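You will see two complexes here that share chain A, one where it goes with chain B and one where it goes with chain C.
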Partner chain A sequence: MQTLGNFKLPPFFNYPPYFTLQPVRDTREKQVQLWKELILDYCKTQKISVIGLEEEFPLFSNPAIESKDLFINLCISAGSLTHEAREAFLAALVSEAGRAEWLDKGHRKCLILWHRIQDWADILLNFVKDNGLEDSVMTVEEIRSGPESRGTDLQGVDRIILMRALKLLEHKGKLAIFKGTSADDEGIKFSR
Partner chain B sequence: MAGAALPTAELTTSGRPILLPNEIECSLLSNVELEPEGSPPLSSSIHLRSSFLILTTHRLIFVSDSSAAAANTASYVPLASVTHIFLLKKSIKSMFGSPRLKVQLSVGSDGRVGGMGTRSIVATLVMRGKDDVEAFVDKFRQNWGARVWEREKESESASSGSSLVVESSASSSGFDSRGMRVVGVAGILRREQEMWESTDKSLQDAFQDLNALMSKAKEMVMLAEKMRLKLLSGPSQAGSSNDEELGSKEEMQDWLLSVGIVSPVTKESAGALYHQQLSRQLADFVKIPLERSGGMINLIDMYCLFNRARGTELISPEDLLRACSLWEKFDVPVMLRKFDSGVMIIQNKSHSDEEVFARIKLLITRPDALQMGVSAGDAAMTLGIAPAMAKEHLLTAESRGLLCRDISPDGFRFYINLFPEIRTDDIYLVKDQGIYATWIKCASSPSRLQ
Partner chain C sequence: MRRRPGIGGLQTAAAARDQYRLLGENVAKIRTDLMKEQLATFRSQLEDFARKHKNDIRKNPAFRSQFHEMCAKVGVDPLASNKGFWAELLGIGDFYYEIGVQIVEICLAMRAQNGGLINLQELCSLLRQKRKGLREAVSEDDCLRAISKLKVLGSGFEVISVGKKKLVRSVPTELNKDHNEIIELAQAQGFVTVDELERRLSWTSGRAIDALETLLEEGFAMIDDGHRDGRRRYWFPCVSSISSLGGNDA
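Let's turn to the complex of A and B:
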């Protein structure tokens, strides 16, 4: 079984047509579905929240397919997605409500929400409850890298996602966000 | 039955008359009636109505004019039975009515046309179609006067006689044309020289101008035939021929092998019925090339083959397309088909995609194809068809969900479609049975890693 770091890859990752956008509708629907599953799975285990379309992303090329011909390293390489295909698969995730969002108008960066914002908010509330943090104050950075969050999904969570979840909770009156002492960090006051 | 006294003419499946050897089609009139004069029992058996008339060098062929080819029947009057052609009547009456042409036919004692005639009757051709009647009558008179059928009989008997002479002369070292006895190498050389000169002369005559060429056409065909036979028998006796000679011989053979259409339908001969007749002739012609290319042939290839066979009477691509699209109206065994990509082909009506798909499936599930896929070229080799056609088949199979594609620097390759077998709720699950499991076995086999 092929792996990517500590991520176990499914068998069809070696199937060359998986890396070519299929023109036939039924086939393509299935292909897009499989890509969506794989991207979410991979991002979750690797804690990746942003995929840049123009950057290297390990999932988007398969060196095992590529290596069948050593002389090809030029423009398009075998077993790797074209820009069009990458955009198509990510767009499919975006169109499925709450699974991904484009970060810019040019569709160059995509925010992957392997937990939906609502789920992140629930995780935050549980985190507050479990650690008895009601009525106390924390900075955003503390939530991401503090000792309390170690070993939870919140550890190292993307700042953009965290801020979205926090704003959702503020909207519901579960906490208050205020400017902290340092310029680039906000303070959070959880309410009871 | 009307026209029972006339011999029946054979038709092809698409409703074109089958011509006799050396017979050439000259003109075609629509809506012609044959109206005999005289006593009813005889005349009713000759009476023919509502048919189109084909004038050839040998016969007047009446084909009943119905669009369904299966219902077509035809009978003919041999020009040999025509004893007299009366003048085309030019009166005020004929200016308004349909043109009528009287002919005298010799009839056997049993009242049948053709064969030895003992009596003669007069029949009238009533031409209700809007064709050029005068040109037809001229041509009719010309063909009748030419008496090609008589010359043929003569040449037949002459050729059988001459072959005897040649044989005897070959055995007894022979005489040349001036009656001089020639022997040995000198004699052979002289004979060769004479043959060469006469060939050269006929070639020169033929190329003097196009009309001369047309009139020499028959001789040219015979010459070509003779050369072909000689070439075919050549290699067995000529052991000393070198490679270059052999190459040119093969080339020559290729040129001569395709014997053309003797009597192509032309705009001149068929007039208003041109496309209809062309369509029928084409339907007859495509059968053999279709068989050879596996039941399907590219329209462009067909265009080349058809025009090659027609020789000088070339048709335009548009005419071909129109002729093909007329097939829908006739009951012919072939059809025109347009692929999604716009490529047009001719195929047998009996040809089925399912059969092709079954063969593609067989090809695509071989271990190496599972691993590396197949290209249009690979498929063309296995299926025995042109690469362009193979690609169309593969694309059709893809659109049915049988295959899927991979575009890479290796080119455009097709693989068996595994997507339906992969579960989206558990992407790691592989069923024990099925093509997905087989594929994984092949893909992870050691040959891939080497």
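Let's turn to the complex of A and C:
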């Protein structure tokens, strides 16, 4: 089994045609499904929240396939996803409600929600309850990197995602967001 | 015999013919009776044998396969019915029904990946994984027997030979000779190109593309365009399935 750091890659990652978008509908559906699961799984274990389509991303190429072909001196692009394929897989995640969102109109950056925003909001509520934070005030930065969040999914959570979850909770009256002293950090007052 | 003239001569000749015929029938009857007797003896011996080696037949796949061969030679099908002497004695009917059901499950689960065509070896190893912990070992011969029993369902389960390999087809799609040749060629590297088909099989590119397109449509093949030589590779999961690929030796 091939690994990527501590991440175990699925067997299909070694099968070259999975790196070419398949033309036949049934085959492509299966291919897209496998890639969606892989992307979510990988982002979750590696705590990755944003994928840039034009940037290096470990899943988008398989050096094992590449180097094997380099050996017979044929190609350099084997085992690497085309831009079209990357966009297709991410678009499939986006179309699955709440699993991903494009961050720009040009579809160059994609926000991966391995917890849906609603789930992040629930995690936040539990976090408040577990730490007895009702009625207290925290900054957004403290939620992401304070001692209370250490070892939880909230530690180092992407700022965009955290703000989305906070706004959802504000909407429900579970907390209030207000401007803090420094311009780039907001304060959160949790309700009881 | 010299033919004598007159009606007497004709009568004698007819009588002789009748005599010969009767004798012939007698000999044939004696032979058939003898054969029947021998077969009956053989059958009862086979039953004795089966009774004696019950456990070996159940547990040892090689033994089981030879036993089946022996049965076939005397016209006994231990799988014909789940009732009756053989099934009660050996309980192998249930064994094959169970394998049959598991084979159907595996084929269905893998269909999205291979279009409904799977290597017998791979099917067997998946079956063994599925049955891990059960005491009876399962051989390829057992798989083939179970699949042959599946035919009565009319669901198009069939074993086809392509080159040296046996493939199990679980979809009704018929493969023609061209398709078989392509899959056979793909066994070497796992894929073929149009070029290769033109070169190795002396086909026109039209014929090659036509056959490949059909295989693609049926889900038996997948394309791979990521090569600098610009030649599209057609991969066949049924000859080198992803489930059997292990790490870097892929």
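In this section, the second predicted complex is superposed on the first by the 186 of 192 C-alpha atoms of A that agree within 3 Å, B and C clash if a C-alpha of one lies under 4 Å from a C-alpha of the other, contacts with A are read in each partner's own complex, and residues count from 1 in each chain.
Here is the rule we go by: a residue touches a chain if its C-beta (ideal position, glycine included) is under 8 Å from a C-beta of that chain, and two chains touch if they have at least 3 such contacts.
In this text, all values refer to a predicted model and were calculated from it rather than measured experimentally.
Chain B and chain C, once both complexes are superposed via chain A, clash. With both structures placed on the common chain, the touch criterion links A:F12 to chain B and to chain C. In the superposed model, A:L111 makes contact with neither chain B nor chain C.
In the overlay built on the shared chain, the residue A:D41 is in contact with chain B alone; chain C does not reach it.
Legend: residue contacts after superposition of the two complexes on their common chain; A:Q22 is shown touching both chain B and chain C. Applying the stated contact rule after C-alpha superposition, one finds that A:K30 touches each of chain B and chain C. The clashing stretch of chain C relative to chain B, chosen from 94-102, 148-156 or 220-228, is 220-228 in the chain A superposition.
Common to the chain B-facing and chain C-facing surfaces of chain A are residues 11-12, 14-17, 19-20, 22-24, 26-27, 30-31, 68-69, 74, 76-79.
Taken together, the chain A residues at the contact with chain B in this complex read 8, 10-12, 14-17, 19-20, 22-24, 26-27, 30-31, 33-34, 37-38, 41, 68-69, 72, 74, 76-79.
Within the complex, the chain B residues that touch chain A are 373, 398-399, 401, 404-410, 413, 415, 417-420, 422, 424, 427-428, 430, 436, 439-440, 443-444, 448.
Interface residues of chain C, counted against chain A in their complex, comprise 112-113, 115, 191, 216-217, 219, 222-229, 233, 235, 237, 242-243, 245-248, 250. Across the complex, chain C is touched by residues 1-2, 11-12, 14-20, 22-24, 26-27, 29-31, 64-65, 68-69, 74-80, 82 of chain A.
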